[in-house]
Structures are given as structure tokens and as C-alpha cells.
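Structure first, then comments.
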Amino acid sequence: TKLWGGRFEESVTDIVEKFTESISFDKQLYKHDIMGSKAHASMLAQQGLISLSERDSILKGLDEIQRSIEAGEFVWRTDREDVHMNIEAALTDMVGEPAKKLHTARSRNDQVLTDFRLWCRDAIDSIVASIRNLQVALVKLALKNEGLIIPGYTHLQRAQPVLLQHLLLAFVEQLDRDAGRLLDCKARLNFSPLGACALAGTGLPIDRFMTSNALGFTAPMRNSIDAVSDRDFVLEFLSANSIIAVHLSRIGEEWVLWASEEFGFITPSDSVSTGSSIMPQKKNPDPMELVRGKSARVIGDLVTLLTLCKGLPLAYNRDLQEDKEPTFDSVKTVIGMLEVSAEFAQNITFNDERIRKALPAGYLDATTLADYLVKKGIPFRTSHDIVGRSVALCVSKNCQLQDLSLEDMRSLSPVFDNDVYEFLGVENAVKKFSSYGSTGLECVADQIGYWVAKLEINKS
Amino acid sequence: TKLWGGRFEESVTDIVEKFTESISFDKQLYKHDIMGSKAHASMLAQQGLISLSERDSILKGLDEIQRSIEAGEFVWRTDREDVHMNIEAALTDMVGEPAKKLHTARSRNDQVLTDFRLWCRDAIDSIVASIRNLQVALVKLALKNEGLIIPGYTHLQRAQPVLLQHLLLAFVEQLDRDAGRLLDCKARLNFSPLGACALAGTGLPIDRFMTSNALGFTAPMRNSIDAVSDRDFVLEFLSANSIIAVHLSRIGEEWVLWASEEFGFITPSDSVSTGSSIMPQKKNPDPMELVRGKSARVIGDLVTLLTLCKGLPLAYNRDLQEDKEPTFDSVKTVIGMLEVSAEFAQNITFNDERIRKALPAGYLDATTLADYLVKKGIPFRTSHDIVGRSVALCVSKNCQLQDLSLEDMRSLSPVFDNDVYEFLGVENAVKKFSSYGSTGLECVADQIGYWVAKLEINKS
Amino acid sequence: TKLWGGRFEESVTDIVEKFTESISFDKQLYKHDIMGSKAHASMLAQQGLISLSERDSILKGLDEIQRSIEAGEFVWRTDREDVHMNIEAALTDMVGEPAKKLHTARSRNDQVLTDFRLWCRDAIDSIVASIRNLQVALVKLALKNEGLIIPGYTHLQRAQPVLLQHLLLAFVEQLDRDAGRLLDCKARLNFSPLGACALAGTGLPIDRFMTSNALGFTAPMRNSIDAVSDRDFVLEFLSANSIIAVHLSRIGEEWVLWASEEFGFITPSDSVSTGSSIMPQKKNPDPMELVRGKSARVIGDLVTLLTLCKGLPLAYNRDLQEDKEPTFDSVKTVIGMLEVSAEFAQNITFNDERIRKALPAGYLDATTLADYLVKKGIPFRTSHDIVGRSVALCVSKNCQLQDLSLEDMRSLSPVFDNDVYEFLGVENAVKKFSSYGSTGLECVADQIGYWVAKLEINKS
Amino acid sequence: TKLWGGRFEESVTDIVEKFTESISFDKQLYKHDIMGSKAHASMLAQQGLISLSERDSILKGLDEIQRSIEAGEFVWRTDREDVHMNIEAALTDMVGEPAKKLHTARSRNDQVLTDFRLWCRDAIDSIVASIRNLQVALVKLALKNEGLIIPGYTHLQRAQPVLLQHLLLAFVEQLDRDAGRLLDCKARLNFSPLGACALAGTGLPIDRFMTSNALGFTAPMRNSIDAVSDRDFVLEFLSANSIIAVHLSRIGEEWVLWASEEFGFITPSDSVSTGSSIMPQKKNPDPMELVRGKSARVIGDLVTLLTLCKGLPLAYNRDLQEDKEPTFDSVKTVIGMLEVSAEFAQNITFNDERIRKALPAGYLDATTLADYLVKKGIPFRTSHDIVGRSVALCVSKNCQLQDLSLEDMRSLSPVFDNDVYEFLGVENAVKKFSSYGSTGLECVADQIGYWVAKLEINKS
């Protein structure tokens, strides 16, 4: 029989029990549930609501339950509904009367939110650690490929030459903001709902500041109704995860492209590739395809939670039990995506030779040429037009800009002079970049330095 | 080592293996995978691509594997990646050489889609059966409560009186369109991809019509690239599920409202209610709250799949492996929602007395009064205005429309006569409805008859 | 003052008026609103609820209003809330008393749904026409490029050679199912809500079958509460649109890839390309990028509607006013995407020469070689392994499969014979395909024939 | 002809022009575009890239264009594509040659992001102001209703009595976190992309710190590729908006419930209500229904943007043009929702009398009674059980807990004594609450004091 069974004469049907149970997933919260119960019991004892020896029985029992769970010996029971009731009932089986006092001045409403906020706090720490790990992998990949120039794209059309290092650091920057978002979220969620009870607080003499401190929260939440009703902290968390996932999906797309025969920029090692059951020659960059694909479920998880919370009246509604699975899934997926991306980064080789050979295609130096004309005093719009016509000339001659004779160029503008050839060709073009944040050699070296220091990377 | 390992020198890292495996969830497809393999083996034999005795070894082996899976004896191995490779490898372990011929003229690309289409076809049948079950429960609930009048709402404001039966049948209608959508989806997905191989078909002399027939498909798909690339059949399926889920969420909201102290229309039995861990008096309609809440995850699953497929180039990409979990979750959730809603419908009692007492509030007969005036020749807009002012008069007098004296009414319009009282009061109002599809007694009786017949409900 | 103002003493505040108005967007429904009102007025007259001359005034007035709207002379007023009230009020201004009778036995609840279903029916017809148009453009593009072989991809890795025609027809197949979904949706939504009134029907002697027929509906809806509450027809419509959008996003991705320097399969004409404000050499396939991107808003529109409807109690709630903008946006976007895709298809040239040159890369004939071994009696798994090692040999020798000597091949399997060279090379590989739905020359010719006939394409 | 037309021989087709234009919506950015151009021109002059007189022509021209736009005189041209090209071309028409130099060391890629970040920064400020406004309205509503006790709900079942003030402050807390999220987002997005140019920076001697300062940014972004590729700042912004929208949807649901006949807690004034076109007695809380409903589109807008960005390769892709409309819609909708909620809060009256009369229903004092037993030394679980049975007794006797005789109670537990009656009844129950954050009188008074001070509300 259920712990809340007092006024009930009939037990729920099997269909209802199966449909409403949460133990199959919320047992993940066991560690934080026990942590919360221990803090609560200690506070009850200090406030005289239970005796010291009752407290000790409870604490010892909870330790034993934790050990038993972690040893795989604990039997989770569906008829005990959820993690809270399973642990409390097991505690009662074990220590008897004192266990019946543990739920004093507490409801599952504030208890589950205490557990869940603690769980999210830890999950954020794990994700941030995985982000750092991927950032390090990217910077190391950059260090290994110093000086490599690749085409930069817009519209997937070749645009301007960029240093590979510069491009890899763009991902590092994005990941840094991702970590920032998570840390802001953590600061905002780290307040204690414990003691809000069902929704209204309690008349028993509890000390919410004591439990808040013991659990490492910043402070107790100010409003008990708010404490049990809102799920904005998970919405914020899953939003942050979704943005991470979108970032990683873009790395996935990029690297899948790079690994194609057509781009041919990278060769992933066998250890991060898979084959085909029918086509013997295939070697596929599956992990990064899955990184791209799994972003969808992180987004789906967020949509689930937003839709779940929409239009619910105050305070707690059972709908909110559905907040956990999408959160667990989002966290697990994002960590997996981060880990496998780092693994992939550590297992790709850039095909320098092939990249170098293909570089001239696409007139990557056209904008540098336009800057040349600007430096000679031609208004930019006019320069743009002159270079546009130069490119058209190259297309008709099937040659590169640097292959045009000075005469050819002068037919388009008298301003061209011999020094123009210092601006043409991909290597020259890269050398010319000088603005802050640009792909110029020095700028990028500075950025690399910044990240090596910030991420405490050992370059040796 | 993997079955595709020919050109590979290194095996994948643990992180990659764990991230890319699908066996933890796609083993659900085992039955349909075996069904597909049996049809394929029989066809290979008929076409002379394998011998009859090879075929027999394969068929016998597959039967044994199915038995072993269903007996819980089969060991699923993560290093064998997915359900297809697990079964093929187990078959090889069991019957040796013939098993190595099973993958002739087949790729995992067409194999998984064969399995998945068969699985979805069965899932649709299950959902449709659950829909019928809920429709029956609703009609039976209607039969039990013949004649009961409740307030109809718009904007959650009392609007007009309606028969409870009429309202319950509105849900039955919606569920019927839900079934229709699923059946359309089933007809559209029931085409065989088997034989499309990796993406281009094969040069081996296979007979795709034979396997298509054997598996109960309408015909083989016409285009092999289409066959392995598209997931529109799951998108359509999950869209249909999302619409069902939205419908059920509305029943959930409705019944949660009805079970509140304030509405007080229904009392759910203890067998479909749960209590509170802190508040001893609580009895909550949790199953229907969860029905409302779980609609969110069905929507989230659809979003996952739409986002997953967006922007993928042809043909198969590993991202698409992510199509299964949301589909499995959507199906399981929707079936649970349907079942528990039927269970709930079977376990609620309408509080006739209380409903009747509360009925007069809200001037539910106001529109009937306006129709009275229209029948007397007053233009509707003018009638609307007169009745509006009659209601204002009642508000000031704190009475019902039927409590107004004829004199009072005549002060608003000389058209009012003694026969007006036949139009006032909730019972009179309901009696007046006569249009097709309306809440009039006869109309609703007709509708009930229609559904009892269509759903083959035994009224006794 | 509002037409419903009878019992109201104060008018709404500006903020409320601005927030709740719908005239800024629902005026799009004007034509269907007038169509519905005309059918309603004719029915009222036939049933004796208005006189023939009242009917004529109304019909004439409505015609004049339609003319005035289409001439851009009509003044839409926000204080008149929505399209229904604007037209009814304008009619009253114009023809006086008879107009006040038009709303007899009708509510805005059934009126707006009549309008909206009619609008969606027309919108579906437009989209289906645009689908046909794109299918024709794709088939014509296929006809222009008969015989062209391109690499088929899985995992964006070169897999097997396919005929371009075959690949283009894969899109045609997908679009055909898209049209099928829309037509199913249209059949399901084409029922008349008119006469459901607010939610309960009416006691006035209306004829719902007459209006249903007049408006081309299949029949009146059976249940008035269902008629005004549900939005499943739009959810189904927007789901179908989302699937179309996902399909088109994949064409977008494909063509953006093809237009890249690296793939170089196609050159879009200047008339469907755009340039860069800074890089003079750029020529971007913007329309197809936008097709890919705009798929996101079609999905977003669906999510809006699903989330909107989730958890609403019966019957009409004002939330539902929000059903129109996402629908209008979805339809407009999908039609734009279809049109521009057709335009793009008509303006690209395949770079045969370049494609042919690049074809050998990627061992596209490896699977054909495995089939060769199967035909020689080698089990497929063993063949797969032998070919895998043959490819590894080629990689080490930096050559193609057809460049291996017979000796080389025999070192891997004694089965290889001189006839193996008939299976090697991309052209040979394509010739070997023969299964139904495959990329074999005859199979594809059959498919082309099927679509030319079905789409009634004039090949000359 | 387009400003990028140099190498183009043909102009785009009408269909393409119409599909790809953005001027119909991005003209909203005009003010920030001009602001950015002025900062850019001043920097170009300081760096010697243009002359002082050229700068002055440009600045004067831009001022004139701004004036002309705000006076409604400016003609936006679709053939000029977007806001940037419209303004630049208009400037060229006006001041000639100098205008052709404005685009020096700038691309539309960094320009649009400069504009958009500035726009978002302002939008955040507007939303935060609207949040403060709603918080003030809620606190004032609380001040007006001091001491009013209402039922607190969980599962929409009556749970415990709470002070209305306490409940209203729960919303205030949630809104405060909403503002916090927006301010974090603003701090993270306030970095300058200007000078990133197309994607690689420039070789011209620009000063990115100068423009960053002039535009009030914290600093220039460190990586030019990151600067033009990422949209995480809008994703974060729209996530924050979605959470606000979910919060407001819950207020909407709550107040729609409260305005129902059944709850009857509030009466909205006529100025925030609307009527029915058919039912003369109706008075609907439409604004709050729409607040609830419009939350869906804010969520839909976020989904659009997440899906849009998913899987895009670096750097800029035209898909990203679609980032603006959902953002504009999200901002406009959220501001509308906040404003109308404040308006509604200012126009509702609580029906004290009716609330008080209905309060006893639901055994709201049951938990207080359990606390009584705990104070007497009974373990909580036992207390819970005793009170559960007390409630069952009341149900059978159809009475309230306070109506039970001491004898009745003692039959359930000998611990009950005469002092129990001080814990029974709703007023007593509220008085007993004392924990921090609870609904106790003093706790709530403290909270009110906190918010009055923080929001600087003038209580007189």
C-alpha cells in the first residue's frame, strides 16, 4: 500500500500504476535524494523535531541504502512509485519508527525539486568539463597544423583564404560562450526549494538556511509557491544544451564535408570510422554524422519541456513529472556529442598536399585585390566592380588572377601597377590580413596564445 | 571484428563504439528483422542465388534465434553494433557458411527500412485498436449518463447547455479522424524497400515482387534511392500521433477541470487517483494530468525527427539512425495515453445532483431567448441586443432569466409574450435545439445510435 | 461600439484592442467569408428565416463589398475586430436592417471555421499545383541529362554510380507522396461546420445540408461541439507542409553541395544566383540556401499550432485565434519554396565533362565487383571481405580497381577471371544494375516513361 | 542593377527576387544600420581611409536618410534587396562618390550582425522594462488585496490555504529570473562583429576598438569567422523569451480559471473583456486566453531558429537571413503579452465574499492538523495516516474537520486535545505558517516589503 494511502480504499489499477510510475527513470536521482534527506534529517534534529538518535538511525540507514544501490543490490519497486518513496520505504523497513519522521515538514514537491536542482548542478559541471576537453582538443589540433591555409567559405562557395587555426578557434569561441551560458544557469538555479513543502511552507520550526547551506545552495528560495511550481531552471538548462547541440551539429556538418572525396581536407583514422555492410570500399565519418543528427533530439527535448510547462496553473501538477526524462536525455546526449567530437578531433589528419593543390580555385584573393585598389585611392564600390570584371576575364581565359598580365589588368583600371602581384595568390592574400580578429598570421598567433594560456594547455 | 572490417586496420575506440551503437534500442525490431530475412532467403533460393538446403539452414537458424530472443536467452552484443549484425552474426555462429550468403543483394540500408516499415505498420494497428477501445469507453460512459445536461463552455465561460452525451461524442469524432490519419499513413508506407540495397539496387537477379508479397507490402518501391533516403513515412506517423496526443491532452484538461472542487462534475474512483505525501486529504486525478503532460513528449518526438531530417543530402546518412528512438517513444506514449484515458473513463462517476444544482448559473438559456425573438421576427442583431440587456437586468436583480416578469421583459421589447417561458430554463433550452449535429435530444440520440452501431457496442 | 456590446458598459482599452484584434491578418479570409455568408443567406431565405428581398439585399451588398475589397477601396477597421465583423458592419452600413438578420443561426465560431476550411481547401489545391510544377521541372531536367552518371553517396562518401535521372526521380517520388498527403488532408477537412453556431447548434429551422452543398463540402459535420473546438485539420495540413519542407530542404542541401567548387556538378545561371557586397568573385546559390533555411519556419509554424492546441478545454477558446498566422505563413512559405526550386531546376547546367573526370575516385564499382564474386559462387560476406582487401590494395598502389592485374586479384581470390573487367569501371557498373527500381539503364528509362506519362509532359 | 553586379551578366528572375528579398522585414533595422554606418565612417576617416569631408558628406547624408525614413518619405526598393543596400544606394544617389567608399573594409556579413546585435540589445531593454511594469502591477494588486486568503492548489485540487499576496509574488519571482536571463544574454551579445568583414577580417588599417566603443559594445569580437557565422546570441535571446512566454501562459491559465463561473475568484472589468457574437450573456477574459495562446508562437519562433541553424557549415549561409523574422515576432509578441497582462492585472476585482464562502471546501487545514500531531510527538507518517482517516470520517459525515467532536478525533488518536481547534479552519491554518518563504502572514509581509522597495513602488 502507498505511503499516502490513509483515505484510500482501493489501490490503483495496473494500467494506472504502470502509466504513472516514475521509478524507472527517477532512480537516477538517488544520490541527490539521499544527500537532501541527510541534510533534512540533520536540520530536524537541530530544531528538536527529531531526536539525535533518530537522526543517527536515519543517517546510517541512508548510507546503507546508498551503498546497496551502488552495489546493485537495492530492489526498486514500481508499487512504491518513485525514488523518494522507494528510499523512504526501504529506510522504514530498515530502521523502523525514526524513518516515519523523516518526511516531517517536507513534501515530495519540494523534495524532488531539491534533488533535481542538485542533479542539474552536477550535470552542468560535467558538461562544462566536457566542453573544456573539446576546446583543448581543438586547440591542440590547431597547434599540430600551424600555417595550414584552407579556403574559407560563405554560401559553401570559396570566399577568402583562412588559416585552419583561425577557423578552429571560431569553434573554441562558440564553446566558450556555451560554457558561460551553463554557468549563468547554474548560478540562477542554485537556490534551495527545501522547506517549501507542498506549496505553502510549514508551521513547524524548520531552518531552511541550514539545509540550504549544507547542500551548497546560495540561499533558500524566497517564495514557497514559486519553489514548487516553476521549472524555468530546467528550461534554461535545456536551452543552453540546445545551443551547444546546434554548435556541435555545425562542426559535424563541417567535418563530414571535409571528409568527403570532393573536399578531401581530412582523413579520419579507422578508429573513428565505420564501414558498410554491402560496399567494401566505404569508410564513413559516422561519429560526426551522429553528432549532427543527435542535435535534433536535444532540441526535441527542449520542445517537450516548453510544451509541457505551457499553460499549467499553479502550483504543482503531475504533468511536471515529465520534466526528468527529457533532461536526462539532453544531458546524456550533449555529453556524448562533446566527448565524441573531441575523440574525432584527436583522430583526424589534414591532407596538406591535397589542400594546397586545390587552393587556387575560387579566386580567394579577389577581395585582397579590391583592398589593393582601395589603398590606391579607388572607392570601394568601384574597386569591387573592377575586380568583378577581372574575375570575369579570368573565367573567360580559364586562369587565376595572378596569371593576368599587367596589361590585362590595366585594361580594366589604369591604377594597377607591378606591386599588385604582392597581393595576389593565396599565400600573399593571407599575409595581408592585419585587422584585430582577422585571419592574419600574427592575429591568429595571438589568439592561439590566448587560448593556450586560458585552457592551460601544455604545448610540449 | 565488424562484419564490414575488410579494409579496416584498427577497431573503433570505446567512446565511438558506445556513441554509435544502436543495439540498445533497435533490438526492438528483431521480429521484423527476422521476418524480412526469411522472406529474403526464400527469394534468394527461388532465384538460385542460394541453394534450397542453404535456405533451410537459414530459416531454421532464424527461427531458433527468434525463440532464443523471446525466451530471454539471446545475448545482444554492443560490439556487433545493431540488431541486423547481431542476428546475422549469431546465425553465422549457428549455421556457418550459408549465413554468409544471407546478405547477398541486400544492404543494411534497405534491411533496416524493411524492418522499420513493418514495425510501424504493426504499431499503427495497435494504436488504432487502442483508439477503438477508448471510443467504446466514451460511448459507454455516454450511455450510462443519458439525459444529463451540463454547461457547455466557450472561453471557459458558461455558454449554452449541452447534453453530456453530445460532448463525449465530440471526442469520439476526433478520435475517428485520428484513426483515419493513421490508416492513410499505413497505406502510404506499406511499400517494400527491400532490394534497394545500399542505394542503387543490384545486378544480381533478385525478385523484389516476391519479397514484397511475402511481407504483405502493396508493392516494391519504384526508386531505390528514394527507398533508402526518405523518412517521410515516420514523419507522417509521428505527426498523426502528435495530433492524437493533442486531442488527448484536451480530454485530460477537461477531466482535470471536472474533477476539481470548483467544477465538481466527476468523482474518479480511488483506483485511478493518487494521494499526497504530505496532504492527507488529497485525491488527485493524476492519470489525466499525465495524459495532458505526456502529449508534450509526443510533440517533442516529432520535432526531433523533423529537425533530424532537415537538410540532409541523399542518400542514407548515419544521422538517420536517430529515427528509431523518437518513434518507439511516440508509439509507447500514445498507446499508454489511450489506454489510461479509457481506464479513467471507466472509473468516473458523474455527480448528477451537484451538476443540476449549479446549472442555472451563467444564463445558459440566453441564446435560446434570442432565437425566440428571431422567431418573432426580430432581426438577430436586435435580438442579441435585447437579450444582452435582459441579462444585465438579471445581473442587477441577481436572478435568472426565467425569474424576470413578463413586464420586465416587455420593458425591453414589446414582442415578449407568455410563450417565452417555454424557452427559458436549461431544460427548455436543450429541448429547443433541433439542427443537425446539435445538442437536441433527438439529434444526440441519432448520433449515439450511429456510434453504437459503428463500434459494434453491445448495449446490454 | 462592438456588435456584441449589449451588456457591456465600457469599451476595451487600446492595449487590449491592439492585442486582441485579428483584422490585420484574417482579412485574408474575406473571399471565403463572403462565400460562406452568401450560402448562409440563401439558406435562411429558403427556410423562411429571412425574406427573398432581404436575401437579395444581402447578396448584392456582399458582392459590392467583395468588389470594393478587391479594388482596394474597402476600409478595414481595427475597432471592428475581425474580418467577420468588418464585413457584417459594412453590410449594415450599406443595406441596413436585412444585414442585422444575416447572423441568424450563426456564430463567429462556426463562421470562422467555415471560412478557414474553405481557405485551406484552396491553399491545398495551390500547393498541389506547385508540387506538380516542380515534378515537371525535375523530370524535364532529367530528360535533358539522359545518360549522365554521377556518384551516388551514403554518409556523403562516394558509394555507387547512379544515373542522374534516377536520383532526380527520387525527388519526384517524394513529392508525389507529399501531394498524396495533402489530398488526404483535403478529403478529411472538407466537411461543413456551418450551423454548429456557438457550440451547441440551434433551435431555428436551418438546413445545414443545403449550405454544405452550396459550398462544395462533402457533408455537414456530425457534432457541433467537435465542429467549433477542433483544429486537427490545420495540424494535419501543417504537418504535411512540414514534410514537404523537409524534402525541399534536402534538395536545397544537395544542390548547394553540387554548386560548390569542390563538387562542381552544376553551374546555376546568373538569373538564380547572387553576388557578394565585398567579394567580387562570388556567385552564390542563394535561392536553394533559402529553400533549405525556410524549411525551419514551416516546422516552427507547426510547433506553434501543436503547442497552441495542447491542453485547451472544450469548446472554443480565444487562443485558437492564433491558428491563422502560422497557417498563412506555412502556406506562403511552402509555395515560395516549391516555385523557386522549380525555377532553379530550370536554370542549372550539369558540368558533364568535370563530373566524368572525377567519377573514378571512390571505388564506386566495388559493390559490383562483390556481386561478380557472388555470381561465381562465393558467399557474400566472403566476397565483401575479398573486395575490401582489393580496395586496400588499390589504396596502397594508388590506382583504381580496374587497374589491378588479374594476378593481383588472383592473389586475393582464385575465382577472379578475365571476365571481371566487364564489371569494373563506372560505366560497366551502371550497366550491370538490373533489379526493379535500380539505377540500371532500362529500369530508369521505364521510370522516366512512367512519370512523363503521369505528369503529361510533352517531351518535344 | 545590384551593387555586387560586376561579374554578373543577367539579373535574377522575379520569382528569385521576391523569394530572396529581405527588405520587407529588415528595414526595421534602419536605425541601427545607420548608427553602425556612422561609426564606421568616422573610423574610416580617423584611419585615413576616407577624407574628413567625405566623412561629413556621409554623416550628413545618413542623417537625412534617417529623417526621411522616420517621416515616411523614404522609398524602399525590393530590387535593392535589403536595408543595407537600400540605404547605401540612397546615400549614393544623394552624395555621390563618397558613398562608394562607405563599404570599405566592411561586408554585409559583419554589417548585418552589427545592426542585429544593436537591435537585440535595445529589444532586451524594452522587454525588461515591460517585465518591471508587470511586476509593479502584480505587487500593486497584492497591496490592494491584503489579507485575502484563497485556496492553494496542486493537481488543480485544493491543497492548503494561501494568501493571495503570496501567490501573486510567486509570479513576481519568476519574472525576476526572466529579467535576469535577458540581462545575462545582453552582456554576452554585446560584442562588436564590425570589422570581421566577409569572414576573414581585412588588410586595410581599420580600428575595430574605435567602432566598438562608439557603438557601446564591450569589445570587438576576437574571431572574425565566429563573428559572422554564429547566431547563438539570438538563440539565447529567443530561449529567454520562450521561458517568459511559458510563465505568462501560466498566469493566463490561472486567471482564465479564476474568471470562470466555477471558480469565481475575479471579475475582470468590461475594459479587458469581450462578448460573443451569438450569446448575449457572455463576458470573456480574452486577453488572458490570448496571452496563453501566444506563448505558442514564441516557442515556435525559437524552434524555427534552432532548426534553421542546425547543421549549417561555416561561415555565413543565406539560410541565416531567416533569423530576423522569428526574432522580430518573438519580441513583439512577448512585449504585447507583458503589457496586456499588466493591463489585466490593473482591471480585475477579487470577489472576497464569494471566495470566503467557498474556502472551507477541500479540507485545506488537513496538513496543519498533521503538523499538530507532529508537534505532539507523533511521527509524520503516522500523523498523515490519522488525518487521512479523519478526512474520511468528515466525508462520511459530510462535515469539515473543525466540525468533528474531540471524541470523534480521539477515536482516531488519543493525542488529540482541545487545543486542536486552534489549528483548524482556514484562518487558523494560515496563521500557523511560519517557515521562511511560507504563506504565513509575517513572511508574506516581509516579501511584500522586499518587492515594494526593490521595484520602488509608491504605496500611497
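Lettered A, B, C and D in written order, each chain numbered from 1.
Note that in this section a contact is a pair of C-beta atoms (placed from the backbone, for glycine too) under 8 Å apart; a residue touches a chain by one contact, two chains touch by 3 or more.
Please read all numbers here as calculations on a predicted model, not as lab measurements.
Counted by C-beta pairs in contact, the busier of A-D and A-C is A-D. Two copies of one chain, subunit C and subunit D, form a contact in which over half of the residue numbers belong to both partners.
Between subunit A and subunit D, the centres computed from C-alpha atoms are 24 Å apart. With each centre defined as the average position of its C-alpha atoms, the distance from subunit A to subunit C rounds to 33 Å. Multi-chain contact residues of subunit C (touching two or more other chains): 3-8, 103, 109, 153-156, 159-160, 197-198, 257, 275-284, 286, 289, 292, 295-296, 299, 302-303, 306-307, 310-312, 317-318, 367, 384-385, 387-388, 391. Every residue of subunit A that touches subunit D in the complex is listed here, in rising order: 3-8, 49, 92, 97-105, 109, 152-156, 159-162, 166-167, 169-170, 173-174, 177-178, 180-181, 184, 188, 195-206, 208-209, 220-230, 232, 235-236, 239-240, 242-243, 245-247, 249-250, 252-254, 257, 292, 295-296, 299, 302-303, 306-307, 309-318, 367-368, 371, 374-375, 379-382, 384-389, 391-392, 395, 432-440, 443, 447, 450. Subunit D makes touch with subunit B in their complex at residues 151, 153-160, 256-257, 259-264, 275-286, 289, 303, 306-307, 310-312, 358, 361-363, 366-367, 369-370, 384-385, 387-388, 390-391. Only residues 2-13, 15-16, 18-20, 84-85, 103, 106-109, 197-198, 269-284, 286-287, 289-290, 292-297, 299-305, 307-308, 317-322, 325-326, 336, 339-340, 343, 347 of subunit C touch subunit D when the two sit together in their complex.
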